[in-house]
Structures are given as C-alpha cells and as structure tokens.
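Below is a structure I'd like to ask you about.
Letters A, B, C, D and E name the chains as they come in the text, with residue numbers starting at 1 for each one.
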Amino acid sequence: MGRYLARRLLQGLLTLFLVILLLHLLTTWAIQLNGNPALAFFGDRVPSPAQYAAVAERFGLGDPCYAQVGNPCLGPFVTRLGDYLTGDFGTDLRGRPVTDIVGTAAPNTLRLFAVVTITWLLIGMTLGSVAARKRGRLTDHGIRGLSIMIDALPVFVMLLVYRYVLAVPLYTWAKDTFGSNSTVALLFKPSFSSDHPMITVIVPGILLGLTGSAAFIRLVRAAQLENYNSEHVRTARSKGLTERHVVLFHIVRNSSIPVATAVGIVFTEALAGAVITEGVMNIYGMGGVLWKAVRDSDVSLVVGIVSLLAIVTIVVMILVDLLYAALDPRIRYE
Amino acid sequence: GSGSDDSGTSGTSAAGPAGSGQSGAGSGAAPAGSGAGAPAGGNDAEVSDAVVKLVLNQDVDTLLPMDSNVGDNIGVLDVIYDGLVRYDPKTSKPYNYVAQDIATKDNKVWTIKIKDGLTFQNGEPVDAAAFARSWNYSAYGPNAVANNYFFERIDGYEPMQGEYEEDDAGKVTVTKEPTAKELSGLKIVDPLTLEVTLTAPFAGFSTMLGYTGFFPVAKACIDDVSGCAVKPIGNGPFQVDQWDQGQKLTASRWDGYTLPESPAFTGIEWTEYAGKSSWPDFQAGDIDVSAPPPALWAQANADPDLSSRKVESPGAALTYIGFPLYKGKPYDNIEFRKAISMAIDRKTIIEKILPGQAVPATSWVVPDGVPGGKAGTCEWCRFDPAAAKAALAKAGGWPAGQTLTIHLGKDETSEQYFKAIGDSIKLNLGIDYKLDPTPDFFDRRSSRGFTGIFRNNWFPDYPLNENYLAPVYGGGDAKKGNKNLGFYDAKFEQAIKAGDAAPNLDEAVVKYADAEKILAADFPTVPVSFSQNVAFYSERLDNVVLDPFSGSVELRLLKIKQ
Amino acid sequence: MPLLQVRDLAVEFVTADGVVRAVDGLSYAVDAGQTLAIVGESGSGKSVSSLAVMGLLQSPPARIPSGSITFAGTDLLTLSRKQHRAFCGEHIGMVFQDALAALNPVYTVGWQLTEALRARHGLTRRDARRRAMELLDLVQVPAARQRAREYPHQFSGGMRQRAMIAMALAMDPEVLIADEPTTALDVTVQAQIMKLLAEIQAERDMALILITHDLGVVASVADTVTVMYAGKAVEQGEVQRIYSRPAHPYTRALLRAIPRLDHKGRQLDVIPGRPPDPLHLPDGCAFHPRCDRAEDVCRAAPPPPLAELPGGGSAACYFAVEVMADGKPAERAES
Amino acid sequence: MGNPPSAPSPDVVLEVQDLVKYYPVKRGVVFKRTVGQVRAVDGVSLALRRGRTLGLVGESGSGKSTLAKVLVGVEQPTSGRILVDGIDVSAMKRAQRRELRRRIQLVFQDPYTALNPRMPAGEIVGEAYAIHPRLVPKGGRARAVRELFDLVGLNPDHVNRYPHQFSGGQRQRLGIARALAVKPQILICDEPVSALDVSIQGQVINLLERLQDELGLAYLFIAHDLAVVRHIADEVAVMYLGSVVERGTETEVYEQTRHPYTRALMSAVPLPDPSMRHRREEIVLSGDVPSPAAPPSGCRFHTRCWLAPLVAGAASDSADVTIDEPAAVPAVCRTDRPELLPQGPPDHLAACHFAEKLTENTTRAEAAR
Amino acid sequence: MSDPSVSALVAEETATVDRVQGGGSLWSNAWRTLRRRPEVIVAALVALFFVVVAAFPRLFTSQDPQRCDISNSGIRPQWFSGPHPFGTDIAGCDLLASVVYGARPSLLLAFIVVGLSVLIGVTLGTLSGYYLGWVDTAISRAVEVFLVIPLLLAALLLLSLFRTVDTGSSVLGSILQPALVLTAFGWMGYTRYVRANVLETKNLDYVVAAKVLGASDLRIMVRHVLPNAIGTVTALIPTAIAGVISTEAVLAFLGIGVRPPAVSWGILISNGSERFTGDSQYLLLFPLGCLVLTVLALVVLGDGLRDALDPKLR
C-alpha cells in the first residue's frame, strides 16, 4: 500500500512535469507565432524597442527566445520549475500573484464542483436506480430518453435560458414572498454574488450538474443491472432477505464502485462546463480565469493555474485509486 | 498624443457603457480657472445614505493611475483621485480642480500652482512633490507602465528610457541603461508650485492634465506599488474599502475630502462582469446602471418604463474599413473603395446587429463633441447598391474566383458586425468574402501583413479633430505611404502642418477640417459607424449623465432620489 | 406427507426467439434425512427447477404456468414473491455451484454468514460474530475467528464452498438444495465437501436435494434419484435400482458413458449427437434422436408419461420394462 | 532433486529433463525487485513416446498447465532441458524453434475461450496455413481444412460458421482440428474433456484415441479425472506442487500405487456404483494444496500426508495420532525432499520416504503397522 | 451400444447444429436483435436522414446559406408560404439553408474526430496492453497527461497556434482545428478501454493457441486480440459521435469551434441561444432540434448496438 502510494506519487510527479513542459511549449509557441503579449500592451502605438523590452521584462517574457519561432525556450522553463520548487508560482502579466488569483478563484469553482457532484450523485443514483429496477419498462425507457435529451442540450442553452428568462421573475417573486435577503431569493439571484458565494452557486451548479448527470444515470443503470443479474444477488435473495435490503446492501453497494471511480475522473472534464457556467453566471472561478489567461497569452498564469489544477487532478486520481481499493476489497495495491 | 485602437478582446457581449481608450482634453483656449459650466457638485447636505451599484464590464487589473488606461478603471479612479483639472461633461472643456492655477507664456514652460491644504487619504500632502513623484515613476521606462507615453512631451523623457537594440531575429539587447530616473523638465519651485518644461511648445498640454495618468500618488504608494494598485491611496472624494479582484470593488466616502465636487451618496459598489451582461441583475434590481445585450435591445426599448430611464449620448469612437493600399490592385483604386463603401447598408446593419450602440458614420471626425467635427463630409458613405456596382465596374471588377479577406481582431461582436458588412458586400457586389479574426491584429497591421480589407477602430485621446486625422493618415512618406495604411497625400500633410502652425486652436480646427476634405476626396478608408453611449438606470437614480468620452456615468453628478 | 413435494412443475422462459419450456411436468418429493439427487445433462432444467422452488426466478422472462411446490403443507406458489422468499429463507437453504460468484466480493465472509440473522432476526453484532464462528467451525474451516474477517477472494475454492454451505445452514433449514456444489473443485476437495454435507445432513436430519451431473457422486450419497432430460424427469427411483437396472435408455446410456477408475476399457460408449435445443424439442420422446432403442412410436406418439415400474420407481419410456431387463450397464460396457 | 536423464530411447519424441519454471513475484517503487518466486513447475522430468499417451494428473495449482505452456513454448523455462527427438530446444535457432513449435500443439480445456469468437471455423482451423505458408500450397488450403473437419468428425460444410454456433463437443473438435492442421507429432491436451458433459466426453475421448491410432500421435494428456486418465493413458505421472510424485505405467500407478498422494487422489474419486458405497477405503485429505510461492519444506506433501502420521505413530508406538498434528510427521518428511526413485519395476517411480509401506495395496490400517 | 461411425456422427451433428443458433455471424445476430427493436430502426433512419442531408444539401434547399441580405433580417418561419421556410437569422441568412449546410461540418467533424480517436486509441491501447513494460508505461503517462490537461485550455491554445495557419475555406479546412483538438483529447478513453480489453483477451486460450501455432505478434494483435477488444468500442461510437456534435456547439459558443464563414449547427445554436432570450426563439429551436434529434438517434443506436453486441445485457 505504502509502496503503491509512493509509486503513484512518483508517476504523478512525472505526469506533472510532462504537463508543465507541454503547456510551456504550447504557450511559448503561441507567443512566438502570435506575437509577444507585450506588444498588445501598446495597442495601436508602435513602441520603441526600449519600451517594448521594458514591458516584456515586466511580463516575464523578456527572454529573446520568445521572439524566435520554434525555440522551445528551455531556459525560462527551467527557471520556472526552479521557482515552483521554492513555492513561487509567479505572477500574472499585471503582477498579481498566481497563488492569489487561484486562492480567490478556486473556492468558487470548487463550490460549483461540489454542487455539480452532488447533483450528479443525486440524480444519477435516483434515476439510474429506478431505471435499473424497472428495466425494460416504460419508466426505464422514459429515464433513458430523458438522459439523452439532457445530454443533447448544450449547457449554455440551459444556462442562458435560466439567466435571461427564468431568473428575474423567480428572483422577483422570491424577494416579494420571502424578503430580499432570504435564502430563497438569493438562490435565484441572476448572477453570482461574492457575498453569498455558496448559495448563489447552487442553481448554476445544478444546471451544470444536470448535463453531466445524463452519463451518470446510464452508468448507474448499467452498473446496477450488472449486479441485478449477478449470482451474489441471487444468493442474497435465497437467504430470504427483503428486496429493499438486497438492493441497498448488495446492488447499490456493489455498483458504487464504478460510480465512485467515475465521479473522480470527471474532475478535469467538468472544467469545460465550469468555463461556460462561470462565464454565463458571472462566477469568478478557475475556468474563467484560465480562459482569459490563455487568450492573453499569460504564460505564467496559464502554466501556474494548470500546474495547480494538474496537482489537484493527479491527487484526485490517486485518491480514486485508493477509494477503489477501499470499496473493493479484492484490490490490494502493492 | 496618439489615439488608441481597441482590438476588442473583451467578452461576448458589448453590453453596457463599454469602450476602451483614454479620455484626454485638449482645448487650446486658456483653460485655467474657467469653471464655466462647473457642475453642481454634491455638497454634504444632500448626501443620501445609499450605496450605488455599478458594474465593471472590462477586466480591471490595476488601480494604479499611471497604469490605468481602460474605460473602467478610469471610471473608478475618477472618484478615488482628483487631477489638476477636470472636464466639463457637456463641452469637454477643462477647468482647474486640484490646480489653483496653470500658466504658460510660450506653451513650452508651464507653471502649475496647487491648491493649499490638500492631502492624500493617508494624510500625506498633495503637493508639487507628489505630482513630480508620480510623473517620474510613470516616465521611467523600466517601470513599464501603460501611461508612460504621455510623458514623452516633457523634457528629459528620453534618457529615462535607456537604449536597446533589436537585431533581425527580434533579439533585443540593452545597449544603454536609462541614464536618468527623473524628468529633467520637472522642477519643484516651491512645495505647491511645479514647473514643467516641454520639449516643444504644445498648447494642449494643460488639457491633458486631467487624464488619469497625471494623477498624483502618495509616497506610500510608490513604496508599495503593488499594494497601491489594489488598494489605492487617493486624494479624491472616495476611498477604496476593498477590492476582491475579479469579483467586487467597494468604495465609500472619505471624510477628509475638502474640495467641492463629491458624489451625493455614501458608497459605491462595482461588480465585475468581465464582458458578461449585467442586464438580468439590472432587471432584478441588483444593479443601478446597465444596458441590454443586442438581443434584448428591442424588448427594452419597447418597455416604456425602461426606456424612460435611458440616457444616450454620442460616443467618440469611429469604426472604419481600411484597405491595404500597399498591396496595389484593386485596393489602390478609389472606385473600388467607393464600391465597397456604397455597398454597405450601414443603417440596417447597425439596427440589427448593434442596436443602440452605434450610429452610421458620414465623416471621419465625430460630428458632435469634437471641435471641427462635421457630419456628411463623406460623399460615398451612403448606401447605394446601383452606384456601388457601377463603381466596381469602373474599377475593373473583382478578380473572378477570388475571395475578399476581412481582417479583424478577435471579438465576437465585431465578428458579427463585419460578417453583416461582408454579407452586404457579397450581396451587392457579388464578391465572396471570408473573415479572418486574428489575435495579433496590430502586429500584422503595422507590419503590413494584411491581404484584404480590415476593420479599424479609432478612439481619440483628446477632443480635437486633429486627433482623428494626423495620427491615422499622416506620417507617411511619398513612396511607401504611412505605416498602417500605406496612405500618403502631400496636400493632406500640408493641411495638417498648417493646422499645427496655426496661432490658436480655433484657426487650427479649420485647417484640420481642410485636411478632412482632402481625405474625403482621396477616400483611403471607409467610415462605417460612430459609437453611441447608452445606459439604462434604476428608478432611484437621478441626474444620470454620461461622460462623452468614456461613456461611463458621471458619478459626481449622480443623484439618488429620496 | 413428504417434507418438500414438487408436483407437475413447469417453468417457461419467454425469450425473443420464442417460449422455452425449461422444466416440464417435474414432480419429486423428499423427506427429512433423505437425499434426493437430480442428475442430467447441462441444460436439462436442474437449476431452473430448484430456483423455482426458492422463488428466485426472474420474471419476466420466467413464468410458472403450472405445478405446486408444497413444503410441510404450504404451497409456496400461492404465496406472494416476498412471502415465498422469506419462507424459503427460513426453511430451505441453497448452495450454489460457483461460490466465488455467489458470494458478494465486498463483504467479509462473517458478515455474509450472518446477514440474514441480523436482518431478519435482529441479532446483535456480538451474537452474530459468535454465530459466524460457530458456523465456520461447523463446516470445518480452520481458524474461524480469523477467517470470518476475511473476504471471499482470500478463501480457496474449497473454503469458499464451505462458507457457502455454512451460509445456507445459518437459518437452520429443513431442506438444503445443493446445486452442483463440487463441480468446480478438485476430487480431493470434492470428497471433503461431500463428506461434510453427508455428516451435517445426518446430524440435523435435513432433507438434501443434490443437483449434479456426476454419477459417481450420486452413487455415493443419494437415496433416491431423479434423472432429467430436456426439462422432464425421465426416470425416478431408488439409487440402487437405477444403477443396477436402469429403466430408461438415457439413464442407461449415461451410466455406460462414464469412464471407470476401477478398470480400463479401450473404447468408451457414447451418447451420439448433442442435447436438444430447448426451443426446438423433437416431437415425441425428446430423447429419441439419440436413443438406441427408439422405434416409430417414440418419434410419432406424444412423449411417454412417467410410469410406475414393477419393482418401484418410475420411468418415462415405452420400453422401460425391456430396457430394465437388459441388465447391468457396466457389464455391457465391458463387452 | 534431479533425476538422472534416462537413456534416450528411439521411441521418445519428447523428453523433459529437470524442468523448472518459476514466476517471479516483483515488488518495488520505481525499479521492480524480485522478492519471491512462485514455483509453478519445480524439477519435472518426463518422457513421451511416439503413439503413446502420458497421463498427467494432479490437483489444481500443481503446475500441469504451466508445464504444458512451457512445452509448447508459450512460456520460457527457468531451467531444465526440453528435447524434441533428442534435440535440445534451447540450443536451437529461431527458425528451427518455430518449426519445432509446429510439432508440439496444444488442446485447451475450455472450449469457449479456446476459439476466437469472431473467426469462422474454417479460418480458425486454416490459420496454421497462413502462418506456415509452406505447409500446404495456396490452392489446396480450403480442401485441407475440409479434410481436417472430416477427420475430427465435423461437417466440412460448416467451415463458415462461427464458434458460438457449435456445441461444446464440436468446439473441442475444432480445437483439435486446429492443432492437427500443422501436422504435429505431439499433442498436449490440457484437460480437454473437463468442461464437457459426460455424454459428450466420451465422443471426444474416442476421437482422440482414433486420431492417435491413425496418425501415430503422442499425447500428454492432462486431467483432473483419474478415471478418464486411466482410460486413455498408457503411462501416468502424478504431480503435486510443481513436481512429479509418482510415475509409471497405467497399471503400475493405478494398481500398485506407491505414493500416498496418488492413493488419496484415487480414493477420492467416487465410483458410479452405489453398492460400493461403504466398501471402499476412503482417504480424505485435509486442507488445500499449499501455495507454490511458499511450498512446505522437505516432502512437499507432508502437510497433508495421511501416511506420515501413521508411520510416525508406528515409530512412536502410539495408537491414536491424528493427521492434523504436524508434530506427528516423521522428521525426515519435514526435512528431506524425497527423490523420485524406482519402486519395483524400473520405470515405476515414486517420491516418498516411505514408499515401501505401500508396496501392496495396503489399507491405512496396514500401513500403520 | 456400438460406436457409431464417424460419418453417421457427422450426419447427426449436421441435423442438430442447424438448429443451434440459426446460422449467421455474430454481426448478423446482432443485426437480427437490432431489427426487432423499432426504436433502433427509427433512430437509424433519422441518423441516415441527417447523413443524407450532410452529403447532399442541395436536395433540401435551393438557397445559399452564405447569401445573406441584412434587409431580410429576422424573418419568422414562413413554412411553405415564402422563400424562407425556417425564416432568416439576424444577418438575413436563410435559416433552412444554414441548418442544411450546417449539417455537413457538424457531422463531418464528429466522424473525423471519432474515427481518428478510435484509431489512435485502439492502436495505443493494443500496443500498451499487449506489450506492457515500457511501452505501457509510456502510453499510460501520455494518457494521464492528456487527461490532466483541460480540453478547453488546449483548444484555446491550439487555436491560437493555428490561427496564423490558413487552412482554406473548404469544409475540411474550417473544421480542421476543432477536429485536431477534439481528437487530441478524445483518444484516451478508447486507449484505456482497449488496453483493459486486450489485457483480458491476450491471455485467452485462443490467443495462446495462435502463439503455439507460431503466429507473429502483429498477426495475433490484428487478427485475434483487436477484433475482440474492439467490439465494445464499436458500440460506443454512435454515442461518441453524438458527444462530439454537442461539444462542437460548446466550442462554437466559446468562439473556438468551426471556422466561419462555414456554418455549423454549433454556430447556429450558439448564435440562436443569444437570441432565444430576446424574441427570436426559432433561431435556436431549429438547429437545436436537429442536434437533439441526431444525438438522440445516435445514442439510441449506440444503446441498441451495445445491447446487441453484449449478450450479457440482453
């Protein structure tokens, strides 16, 4: 177990290194092809080399390699790695520490993910279980159809419709009924509010979670179906246990293994949804920050954020592996 | 000064009083002490205990005055800092504010007297040293602040930049470090008197002084620049309480404020939207000022309640189409350019794509609000498909099978806008087009990398017709034309020179207008639209006035209904 | 009255290709302390019939169009499914063939052993643990205390099967149905398990229904035998009689086909062809295409009913008496 | 441990000398270290004669399949020699070894996993010709396949069917046909009838016997079922925990058993004869086969041996010793690994310190004396 | 009973085997299962319809989607009473033509992405599972790296990299960039899937049999391991195609999708969703309807295929 953990961590470090290297290369080449963001600083004006150099220096892009197309810019890469080792994740183009940005943006995104995960679990578990239970019947077909519909409907459509069509009347109604600072009213606030970061993230989270839940419904259904037909469930039934007990202890428990694994690995995938949700609902989060950082060719910010994200993801992946072992005693890591 | 051209990298919707660029002032007439039309600033008796809720539509990265050059942080800093002069919201004329007096004899050496007894919010005095400190910091090249270039007119700017060399590979090597850390043109005569020496006479210097880049900063601010960028130490009526970057900025009245113009309420809360629409929050009553996204424009206007709470004012930005004149045929043919121009149904396009945000342009200089601006100088800016076809035929037609590229910056709104323009061209001239949104627009434009027509957006630095003309069309040589457009006309250059040499501004304006006429005949670019500032405001607001340049609400004039 | 009596049981599966009659008119009875063996080829309906007894068939696709299953006077088929299962949980234990699959991999063996006791009889955790150990001791699993805390995958094949048996015994059932309990095991382990089963049965005076296709095992433990072919019982009777004087050609062929440990024969007798497709059973006697004794009547007439034989037992063959008279199968095999 | 290599007889087509196959147990964070070994096959010597059958029996995990895999070259032996027609395989070059592989073919236990479900039967059987193009000229392949179908008793018209359309017995025939396609000399049958119904078993066994007669094949017939082995084998080897504990002709092994393990194995096989029910000697071995990763010291069988306590009991003159008590095992069993030595006839070998106790068909009680 | 002669036996077998499974291959069996499910048939027809639309847009509209007249902006659906059955969008382009011509980039993108991803995924998964060792280590690391990098980030980065590369205005050119990104981040699932399957398959007896016959690694992989590992992947393909079509809409919404002036469903949906909140709901509903219908059809098809290919779930 300890050995396994050590090996996974080493592998994780290697992955991290590769991720950083890859991102470094991509961002570097983007800069080389599209021009140094320092140029954008001057807008329409044509800077003197002096001014340009000063700004490039300030942006951390002063190394001449950024002007040579194809140069992998390993020098700055090594420097950056060294800085990371000392816990220095650098600053964005405007000098704001990356850790500070992440510190403000990450909690909001994590709140969003928390709501999303809970939505997945709730919807996926309930509907998936019902579908598995009623396999082949109308309810099953209905739920499967619904899951596909949810799947096909892009997130942004739901979010836009909610924000522009539903939120205002709901919010107004809730304010009139429950008072303007009531929980219900805040729930329907058309935009995120940093004063109420948890409650205003719930509806966006649910909407985003709804889209992802489609796959979950299907996963839970498939996992449970497998167990419904399994021999150990037949054994449990032969013991005269009630169906409720059988479902709870043998079907749901056993099908939780693939489900738990899936919850873990969708972390990175959820980020795409986060960019959109954060964008539409005006949540200051990792998705939005990253989005902007890439558009601005803000190398430090991009690499910094993604490295931190990668660390989180890798840790999540390892945790999922461990969770897997916890859920399935047949797995013993060496 | 030079104008600015926003690449439009802001977000998906252009809602709200957006608009980047800097406001400047440049009225050649003696500005000092004019006070004419000085707005009725809020006095303490009328202060209502309210927090005004506003939005920041652009990404605001810093609140350091020397580094702030986008509409939104300028808007915030407008109540945090006070400049030497402030501008009349209607006429754009400057009047002294922190300055007691600004005087010059030769338009080269300026003597600025500062009002006595003013302090920063941390108690430091606002004096000549404060201005000198701020300006020296900005002008020092290695500090690389956004407003550095504003100081190039002051003596001693050059040595502060150092010298660099750039070889063919783009490698920059420092050949000489900056030799000075202070502007030699700044002299502190006494604690409240600053003498500024320019490199050359410039009548408009005093009008520039109200611009954000010229605000004073406290010593504590220079000592901790990054802290000051987040929590400014201002000298204005409001102080920043807290800034959760990316989310929210709150400011409240500063009790130590002694000057007259102060907002008539106790606090302001800016919510950051980073290009997203704040309209639903406005509708829900959480925001006091907003504007609907294009899709909801018609709806909002149709609502009598909403439209009664709308202010509109003309903006200063011009969107125009440029041609790679340096590429030769067919772009260097005026008939071709005419054909393009007359093929564009400006009115309908704006109505459909950017309702309320723009007006069709019929001139190169914004007709209202800028001295010398006049509508209708562009003869071929009307929509006339027949004439357009005829002109194209006269130009020899469009090469068969080729596609016209339209280059533009990366911005969805302008993409839609220019798609409609392209559609118009295709429909009326039968020319196939393709859009090329590119992130390195400026780079490619200045390096003449365009192969088709391109979108330009000119935002002036100061309200003078010269600023729409000389920086854009001038400065070229007879053979190659100017840098961006490849345009050159000796008569045009002469007219500009004549304007520069004019003894006073009123005469200069006339000369510059002559230059516009020459331009109209040469027709190197096609004006498309001027911007329009719009805001809807909540029921509790009163006296909502938009700044003609930045388009943001004049906070010091705003009133809260009781 | 026998403890468990199955009468005229039929089980059908509704599949996309048609209705499969997996069990067709099966009847048998067991008494306390008796061992009934059900033998037959793969697919002959052995498992399905016992699942029907336990109320474990999935319906759909399964349905029971006729028959009765009476346990001590209660017809199980008249009960609701819930009652049926609860009843069987109390009175009938079942041991499945593949113990690894039949045990839930995520719970400890001890937990599973006492699950029913805890869920249905509200046993405390401590009592449950003690009971689990008793049960493991009963089935001769060494180091029961330690083993109860382990998971099924940590057990060897024989141990798992023992655990399975212990689980089936947890509720002190009166009848134990063992569906091929040793097929997957080594002979040495098989011998251990069969010995164990016999001991427990004797000790508790339990009825044992042993489902298998190993005629050797049947010979060593069964009292009565039911031979199934294509869903039907083709022969029933005392174990001695069936082995010495089989009355159905299928039984006889089966006995002849077994290679024997005690002497070497060069050529094995075989039953030609393959078991019939349950969807397309041959007309007449289902065995006739493979039968060496088949005559026209077997092909044309309706399948023969299970008829009483002179010396006790019964067989479903028109020529049962003649076949029985043919003599010992083993002797023939040596010829 | 090793047996002296028996003199090569002209009849011997395959000889195995002191064959060892260990599977390393690896562990490590970055670089894996070998921390132990699974001794799957631990010093086996066998000889296979042309046209004859060697039966190999033993409990699950005794290394039978591993041995088979090593013989057909799917696994590389850890040590030991394999001689085909007297030639050492390990000394051969690649091409030669490939040719050799052809000569030894394998028939599998599970007819469901042994055939590629996505290949038509004809292609499965004919694949050998695609791999060894020189075996049969291109035009003749279809015919060769049909002939093979016919040979193993399958309808040649079924070449286009897929495996799932065949019954278990038929699939086993397909597996045999595939093995025969390359014209092998040696067929290694790894429990070829274990998964089949009794009624089908006979068909396959008869087929194998007929093929042996017709083609002169040598079989290594691996099985659980001692009755089947007795039926088909000329010689028998009994394996326990990776090594052969008894070897001899069928009659010798079955009728003059010289190893307590073999005896136990045989007594565990139920006889299909209810009249024998309580008349047979029953030796029920306790427990399971120990793990080959940590085999017992000395005689591998001593932990489960029924004879040892009896012998020990006799030695200590004690009447009631139980098998479960390890102390009751003679020290020699726990310390010394018995060699495979001739018992009576020179080719009847057994590896037991007390083999002489079993010279007659001794009962347990007699052995104790 | 005497041993029946081989030929008799053969005849016997022939008689019975004919009834065993009714003949036909695994695929034809799957087909027979599929045929019995009406919803699968309908789904297949719908999918086919849209494929035809994508292949022959001219059959469905005579209008040019690129010919837009701003003065016709925002005409509501006229159905059969005017030249614009679905109405026009804000730029005055005919919506029916846009939807019809938008099918091609959307579907083509989906097919290309899924095709390439499967190809890469299956190849790497097979190599990884078959050889293990350092090949596996390297591929596993690559998989993890690509799993860790967020797709959208990479999409944006690659977009800025490819901005300056002119891919032409053909349909292929306009979808090249999103296709690249989605492929680059779409293969890992297949790799892991196939690898697991290969690990399972490669120790099966029939693979051992092929080895014993002397088959080369390549042959074993291609003929034995892959076909069986790929079966389940096949069933994933329709769902994956559906997923890409939806993702394209998301990319379009973020402005990094199919390159204008090509229209795709994603672009139409993204544009339409802005207007949905205004007063022109039909601008969203038509393209979204097509997308939902296609996705629905493909997922149902995938479900059907999976059930048909996987007897366990039948």
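The rule is short, and it goes like this: a contact is a pair of C-beta atoms (placed from the backbone, for glycine too) under 8 Å apart; a residue touches a chain by one contact, two chains touch by 3 or more.
For reference, the UniProt names are A, E = ABC transporter permease; C = ABC transporter ATP-binding protein; D = ATP-binding cassette domain-containing protein.
Please read all numbers here as calculations on a predicted model, not as lab measurements.
In terms of the stated touch criterion, the partners common to chain B and chain E are A, listed by label.
Looking at D-E and A-B, the interface holding more C-beta pairs in contact is that of A-B. Note: the chain lying farthest from chain C is B, by mean C-alpha position. Distance between chain centres (mean CA atoms), chain A to chain E: 24 Å.
A straight line joining the Cα centres of chain B and chain D is 91 Å long.
If you average the Cα atoms of chain A and of chain C, the two centres end up 54 Å apart. The geometric centre of chain C is 49 Å away from that of chain E, both derived from CA atoms.
In chain D, the residues that reach two or more other chains under the touch definition are 167, 170, 203, 206.
Contact of a single residue of chain A with at least two other chains is seen at positions 34, 163-164, 229, 279, 295. Across the assembly, chain B contributes 12, 296, 410, 439-440 as residues in contact with two or more other chains. Residues 141, 144-145, 147-154, 156-158, 160-161, 163-164, 242-243, 246, 249-250, 253-254, 269-270, 273-274, 276-277, 284, 288, 291-292, 295-296, 299-300, 303, 312-313 of chain E are the ones that touch chain A when the two sit in their complex. By the touch criterion given at the top, residues 2-7, 9, 11-12, 59, 61-62, 67, 141-144, 146, 148-149, 161-166, 169-172, 174, 226, 229, 244-248, 271-274, 276, 278-281, 283-286, 296, 410, 439-440, 442-443, 446, 483 of chain B touch chain A in their complex.
Taken together, the chain B residues at the contact with chain E in this complex read 12-13, 293-299, 345, 348-349, 352-353, 403, 410, 412, 415-416, 419-420, 422-424, 426-427, 432-435, 438-440.
Across the interface of their complex, chain E is touched by residues 11, 14-16, 18-19, 22-23, 26-27, 29-30, 33-34, 144-145, 148-149, 151-157, 160-161, 163-165, 222, 225-226, 229, 265, 268-269, 271-272, 275-276, 279, 287, 290-291, 294-295, 297, 302, 306, 309-310, 313-314, 317 of chain A. Remark: chain D residues 59-60, 167, 169-170, 197-203, 205-206, 209, 224-228, 230-231, 250, 254, 264-277, 282, 284-289 touch chain C in the complex.
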